[in-house]
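Below are two complexes that have chain A in common, paired first with chain B and then with chain C.
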Partner chain A sequence: MLQRFIDWRMNYVLVLAIIVFVVPLLMDNPFYFDLATQILIIAATVVGLNLLVGYAGQISLGHAGFYGMGAYFSAIATTTYNWPPLLAIVVAAAVVGLIAYVVGRPILRLKGHYLSMATLAVGFIIAIILNNESELTGGPDGMSVVPLSLFGWELSTFGLYSMFGFEIPGHIAWYLVAGVLLLVAVVVAQNIIDSPIGRALRSIHGSEIAARTVGVDTTHYKSLVFVVSAIYASVMGSVFAHFTGFITPAIAGFDYSIVLITMVVLGGMASPMGVILGAVVLKLMPQFLAGFQEYETAIFGFILMATMIFMPKGFYPTAMNALRRKLGRYSGGEA
Partner chain B sequence: MFSEFLQFLFTGITIGATYALVALGFTIIYNASHVINFAQGEFLMIGGMATVSFMGMGIPMFFAIILAVLLACLVGVALQRLAIAPAKNADVVTLIIITIGASIFIRGIAQVVWGKDYHVVPPFTGNEPIRLGGAVLNSQSLWVIGIGAVLVVALIVFFTRTLIGRAILGTSMNKLAAQLVGIKTQMVLMLAFGLSALLGSVAGVTVAPITFTSYDIGILLALKGFVAAAMGGLGSGLGAVVGGLLLGIVESMTAGYISSEYKDAVAFSMILLVLFFMPRGLFGGRTVERV
Partner chain C sequence: MTVMIDIKGLDKEFGGVHAIEGLEFSVEQGQVYSVIGPNGAGKTTLFNLITGFYIPTRGDITLNGESVVGMDPNRLAERGMCRTFQQMQVCMNMTALENVMLGRHLQIRANLLTSMFRLPSLLREEKACRERSEELMKFVGCGDYLDTEASAMSYGALKRLEIARALAADPKILLLDEPAAGLNGTETAELEELIRKIAQQGVTVMLVEHDMKLVMGISDRLLVINYGRKLAEGTPEEIRNNPDVIAAYLGG
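For the complex of A and B:
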């Protein structure tokens, strides 16, 4: 029974689900729920980015661009043009996916630093457009966004909802929605990884030329995973816009792209639990550093540097390896 | 009409010379260690800010600049010793994040030491603008272009005529072979970071009288320098200089004739166009990939 659970490829999803649904029992402050919901949303984004960076081994230093595009598409469609939010999210995902495909084809031929340069450029251009087209986007001051609603049923952090006979305040309802979204994001990602597509991606990571030699259409798979990860970012960007009710172009900027890719690498590439942990750590760190006031930036940079120097594989794999050594048994499976 | 064009050209060449020096800094480090150093822009910041603070202590400008450049070189060498060297087997992404972490760290320290205000470095020689064909040329611009040109020539001499320069070139071509003929590659790497910091800080202090300086100017300058280096072809010195000047001129023309809001977008659109058609930049090296 235990052995079957250990061997089950989705076992960590169950662990994750338990964590996600137990955590709210330990919190009572709306501020914590707000933070936790943001973490869940960003974690789901990073799970998508991990497909590109962790599995296919391609760098993107501009992913926040897609996140911002999704957020702004939803914001403008629902707030300015009164579209229903769900429709806006879906259309935004389709549009962003298409843009990622068109841009990705020529870009993904590039390698290493040229690829990071090109993705960085794409992200920057998107952020500059969002900043400058202020008639549409409100410019650097940002714009407000209507709450999420489904067939007239509105989900707002300030609302009060009854579910299964319980009274649930809006901030907890939002947390639960974001939690379910993260679980869906993880299950979809794991299914992609376990499919032939996942094998193709890993072969590209190993050696692109070898992959091509044995007949893997590397161009096709690279642009496929680029589009998939952009759609992840777009959907979660839309969700984030409806959740916070107010967005600024900063969410599409270079700094935010760096935050996203750092979450992937810091937590542990190619491990869904790892990148989620990365999102949690990176999002919580400023909360703990806030007490250091003016030293906050310096300490943040130092921790980032030191972690990557001493744990180049990231937190999660390093911790897991230490744990395995302690338990004195070797397990070859991916955690 | 023509004077307007000339004016934009002067501005473009001035800022382009700065980009070229940043790009050369990228190139030197990239050649020696295959690292893209995202903290490159912080050297410019240190150059300008430290000069301001040394001058505030009553040190004459010339010596203040020298001290500032030395400080930047020290930071560059420390960066290599303490952050890059211990992570030598890390992935490209990991190295990128380490240098980004370093740049955030340096920026954080600068913010504590120098505050968040803009600082002014006085022009090297007077304020009188020079009139040329109806356009106005700032005398500080001549300093930027002149010092840039001198540094480029000095670098060429350094890399082709001196033993140390050739040792760096040798290490960049084949590290193992360089070690076999007795080159201390660890020293070479430190030297490359120091040299790159020197270029950055000199560029930072010469351009500071025109653009002002503050603790956070480094990021955008580093990214523009990276664009210039990639446009010319990573690892090519000529490419870095051409890329920098080209970028500066096109940017200034866009700001003048099209839209100053989209000035920054130009750099990034240009690099995309170049990479679409020439995946290794304008002067990029071989396209053979070793398996």
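For the complex of A and C:
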């Protein structure tokens, strides 16, 4: 029974929803909500990146570039040019998707290290542009961003909102909005994976030769998933910009791209719950390691190495396989 | 009889090595056409040329009257060509059934929008795809493995799974590269029966195979190549009595 529950297609979304909406009951500090909202936003970003890395087996070492592009497009359009935020998010996603297509189509013909290098370069170029176009972006000093607003209804972390008869402070409202966005991101990603498109993507990972033999236009599908994951990053970048109210080019930088990839690999490639867990762990770890400030990076690196050696499939799949084996043994069923 | 595949003056050079030299032959629709020859004769190279994995140095390949030289494998699949591999190409990150369903890729009209929202049209197509794929798995004798992970299947079962995946694409011509390699006697007999059934359905089959008993039993015509050149071509009877073939290949 329990075993079947674990295997059912969308059950984990239900579990995720419960976790997302129960956690705030345990927190009372606005700082925790701020951190938790950031985790939700970044988790939705890596759910998109996972489509590219975990399922299609490609890599992008410049994905923060798309995140940063979305964030800056929204910031500039809404703050400098007074666009409505929702319009800015949609247009940003379309522009970033188009750029990802134009860039992705030629570079996704590359494989392995060459693809890594090319995507790395894409990220660098975007970060350099954001740094240097200081008239638009404010350069390395960053720029402030107006709060998110929908049809005149403004969502600010400092506001106070009444929902369902409760008075909800802005930081909790933001958390709930980000939580809903993550759930939507997960459901859409899972639907893509469970479709013929998802099958084609996974076949590229499993055997590109087999995929081509049965008629999968691998170049097309690689570009498609690259664009989809870039759009995920762009939308969440836009959301992040409105959430924090102040962005710097660091969010488009190389370090941040590596963090995104690490979340996917550490949490568990091709596992939505896994990559979300990866986002949670990687975002929380610095908080716990703050006491050992000078050794923080070293401890961090050590944990990464140990995980890759002992849990090459990532935290979540390793834990779930162990659980399945255990349940299988007790019920006498197949493991 | 219409000509399914027509090959003229086919050459393939790797550096200075002539892997295929001046090869000419044609395969008629509905035939079982086998290519035999010693190791290194160029059989697999020939298959890779026909299926678009290699581009010929010279010469022409036509499929149903259309020149297909330099065409990508996925575009050849759209024209009804599918194949299996000597080095099996199975997606080990998927279940057996998903591998076969992948074979129906071109039969499904799915776009990103219907996929993202799981619209009814998509679900209908997926259901039909699943049913057809299950049918094909039973047809090739993999009925017991429907939900098995491909990585947990035996070698023999995987070989049949590859055939099921190729059949899922509704091919007009199916190329099998050493399907009997590594199979025991019983499995080979089952394979022979399977290929016969596939041919009866009107699918043209091209076969590279070392198992002489299998090849002689099911082929309508045979092509013998050695050092990339045609040594002989004809019915199994003609090949068996051809002095060149006996000298060069069957070892006298």
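Quick note on the criterion: the second predicted complex is superposed on the first by the 319 of 335 C-alpha atoms of A that agree within 3 Å, B and C clash if a C-alpha of one lies under 4 Å from a C-alpha of the other, contacts with A are read in each partner's own complex, and residues count from 1 in each chain.
One rule holds for everything that comes next: contacts are C-beta pairs under 8 Å (C-beta built on N, C-alpha and C of every residue); 3 or more make two chains touch, one makes a residue touch a chain.
Bear in mind that the values here come from a model prediction, so they are computed numbers and not experimental data.
Of the two partners chain B and chain C, more chain A residues are in touch with B. In the overlay built on the shared chain, the residue A:Asp28 is in contact with neither chain B nor chain C. In the superposition on chain A, A:Ala118 makes contact with chain B only, while chain C stays out of contact range.
Look at A:Glu167: by the touch rule set out above, it reaches neither chain B nor chain C. When the shared chain is aligned, no partner comes close enough to touch A:Asp141: not chain B, not chain C. When both complexes are overlaid on chain A, the residue A:Asp217 reaches chain C alone and has no touch with chain B. Of the two partner chains, chain B is the only one touched by A:Ile59; chain C is not. Once the two complexes are overlaid on the shared chain, A:Ile209 sits against chain B and chain C alike. Overlap of the chain B and chain C interfaces on chain A comprises residues 207, 209-210.
Here chain A touches chain C in the complex through residues 188, 191-192, 194-200, 202-203, 205-207, 209-218, 224, 228, 270, going by the rule given at the top. Every residue of chain B that touches chain A in the complex is listed here, in rising order: 30, 36, 83, 86-87, 89-94, 96-98, 100-109, 111-112, 219, 223, 226-227, 230, 234, 261-262, 264-265, 267-269, 271-272, 275-276, 279-281, 289, 291. Put simply, chain C touches chain A in their complex at residues 51, 53, 72-74, 77-78, 82-83, 85, 89-94, 98-99, 101-103, 105-106, 108, 110-112, 114-118, 122, 125-126, 129, 165-166, 168-169. Touching chain B in their complex are the following residues of chain A: 53, 59, 61, 106-107, 109-114, 116-118, 120-122, 124-125, 128-129, 132, 207, 209-210, 254, 258, 261-262, 265-266, 269, 294-306, 308-310, 312.
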